[in-house]
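The block underneath contains the structure these notes are about, expressed in structure tokens.
A, B and C label the chains in the order they appear, each numbered from 1.
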């Protein structure tokens, strides 16, 4: 019997210890390797938790910690992206020698960000879940504004304001949920997901739906669903590349987990159709908005930020369809998206540093100067738009399959058309970058990319290829189990 | 036990006779606060006497409105004291001729005729004064109606006497949020209607005038009637503010001669106190631009709305 | 539950205090000067602390006294002090470019109050709670939230955005004190400290904004578009 208490304690203590050490020893190279070591330990622990997770939800730690299959899956995505981002950060930050004196702060913030992201999915109390997400916002805002330029600070400011406003709405929703429960349980009771699910059938419809919509919009702001997405392109594009990868690949999943848990509360109240449809509509709008902005996009990392918006839309559609098939597709999509998005952000970081510009118009003949990175990047672009033989294709097709059986089959058509549109737009951008007109002779990039920059891209690429060709049977069973039990 | 009819006439006589005193008191106190000497508080009586003995000069462009307007205004101000509690807190005969909304409408009728009088002669300053006063009125009149609606919701009746009884006898109703909001809302309206808002100018330059510019063309007895009408309007508004909203005590309950005299004395005290507060409001703030009139009136509107909402809760 | 058996004196005390908090938020809408906004916010926080203490007294929740004291200290004193310090450092006195005049924002705020009242009344009707202080608490909570959002939308100064957020949180806190006084004290404590952290983070960011971007008005922060 695995001792989950010890595992979770180690999971939290490792980054905390690393932060303390990094702030004490202010040398950059110590900070780099401390962070790398922590990320390896965290990855190993999350993998262990995932493999050993009990079949049903498991509560421990004085009723404060909750371990469910879906939570363990999200935790594993966090650990994975943290590992990849840590490896890449070493190479990326070495390209910014002017940041050397502050580098230990960067790694401390990165470890702190990872720590807060590791706390949130395990919380049994929705209120503390909210607080953890609030802390992730604050820490990541400082990470986004780490390079002290005007645009970075502006992006960090917009991120913090918009997301805090959204989270305030979510807090209102949580209070309303708790209030509904006081009619059933009495004035004082423990605020846990299970208790809320239990009280849902006995609470009037309007209160339940109002609270759910508030939390949907609130946490939807955190996920970046349109029309609350306005912070997402700025924050994801202005931060350093490893931070963008962690934001896109890990943080958005956690907020979506929160939305799904509240959706399950509404489900047990009997109003599942409205709840699922609301989430579905938000997902479709996100997909549409993302499509429109991807078509005419110039910044490299901004393009991938809108791609994150697109994929969060797909995930929202997947969860919104309901049913075991769409759910399994959405879970598979989570890990594929984390890997692919990390790959793309790493590539973008490399190419941006090499060409010295953010604008895609100025990046030309990428394959000629960087055959390995460029090829990986191009294949990643094919992957991220959902083309076979990569993992995202399988997950999106599964979601579409689940959608046909759902009460909202119209969304299947919309999603398919929008995905095709986004594929065309993306490939257009990459076509220009790879086979576009030759750049000026003086603008040829001369940067040599170290192994720290390219290794994480390989590490991210290979699993997408593998997962795209082979959906493990054990994973399918795991997804089914996750669907049956509480999220 | 005085006859009810005597009491009713007494109420009207109180308004007629005491309103110049109130105006004189406020003007003198403003001067004293600003370290001046100020005229005697009985000066308005002397002004009225003087004006009634002067000749009447009529501009060539005047029409019948010129003669009718002061008479209409004065008459309207004579009717309203019959409807509101001034000396007694029980309704007198003819008091149910109009409820609080009716009283407000008759007050507005008087003001309306003064607006017309300002426009009638076709002179520029008359139009200036009338248009400015109407601008204030556009925001002030709906708020006044809202305040009356609010007090109606509070006491479930449209007669001011019922409100007076309710507030005097039930502290819970007096201190309820709805009532406190109504006090604030009506106080702001009071400053607007009696020209004590910090946008009204103290110095009688024509270009700054708002209300005095309307009556620039008048002279002699008609001017006396107009001035008296505006003083009576001030007195009536103070009455409504005090006896219906703010300080419903101090009214005669039995109607005997002694209690009426006592009520008169208390009137002097109450109105003097509110007059002093008005003086403070007017002199503490330097003059603001005219367009800032929207802010206190919006605040008053807000308070009236909040009062109605708070009353439903 | 507490709101079911409250004596009338307590009910009028709570309703008076809740509406006072609402009126103070209107002061924030109406005033031109940023300092007045902050004083109004401080007064509002103190009002909410008094509400907490009264609920602790009437409902026999001793932990609410501690929460009331912490609210008064952190939300009522420290937060306004921090924001005042920021204003002094940034050297801004007035909200220079609001989208709506103060008088129009007040009217809009009144419309929002009416809207929240309607919503709360419907909620109260389904829960069979009409004529109860719960409807007032819900109205104040929703109105404060909507007025906070109004402040954030119609203003371009960074400080106004922070204040709008704090007003929203104030509204939620007010509602939670009246509606769910039995909520675990741990949650309320952590939310208070969370707010403190947020404001400190905001403070640092705003100073960085001033230094690197040269402005704190969102109207000038237009570099990231598309």
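What to note about this one:
The rule we apply is simple: contacts are C-beta pairs under 8 Å (C-beta built on N, C-alpha and C of every residue); 3 or more make two chains touch, one makes a residue touch a chain.
Small disclaimer: the values here were computed from a predicted structure and weren't measured.
Of all chains displayed, C has the C-alpha centre closest to the centre of the whole protein C-alpha set. Using the average of C-alpha coordinates as each chain's centre, A ends up farthest from chain B.
When chain pairs are compared by contacting C-beta pairs, A-C ranks highest. Put simply, the C-alpha centre of chain A and that of chain C have 31 angstrom between them. Centre-to-centre separation between chain B and chain C, using Cα means, comes to 38 Å.
Between chain A and chain B the centroid-to-centroid distance comes to 67 Å (mean Cα coordinates, whole Å).
Contacts from chain C toward chain A in the complex involve residues 1-2, 122-123, 126-127, 141, 145, 148-149, 152, 158, 161, 164-165, 168-169, 172, 175-176, 179-184, 187, 190-191, 194, 197-198, 201-202, 204-206, 208-209, 212-214, 221, 223-224, 226. Of all residues in chain C, those touching chain B in their complex are 8, 12, 15-16, 19, 22-23, 26, 30, 101-104, 106-107, 109-110, 113-114, 117, 121, 133, 135-136, 139.
Only residues 172, 175-177, 180-181, 294-295, 297-299, 301-302, 305-306, 309-310, 312-313 of chain B touch chain C when the two sit together in their complex.
Against chain C, the residues of chain A that register as touching in their complex are 125, 127-128, 131, 134-135, 138, 141-142, 145, 148-151, 153-158, 160-161, 164-165, 168-169, 171-172, 175, 178-179, 182-183, 186-191, 204-207, 210, 233-234, 237-238, 293, 296-299, 302.
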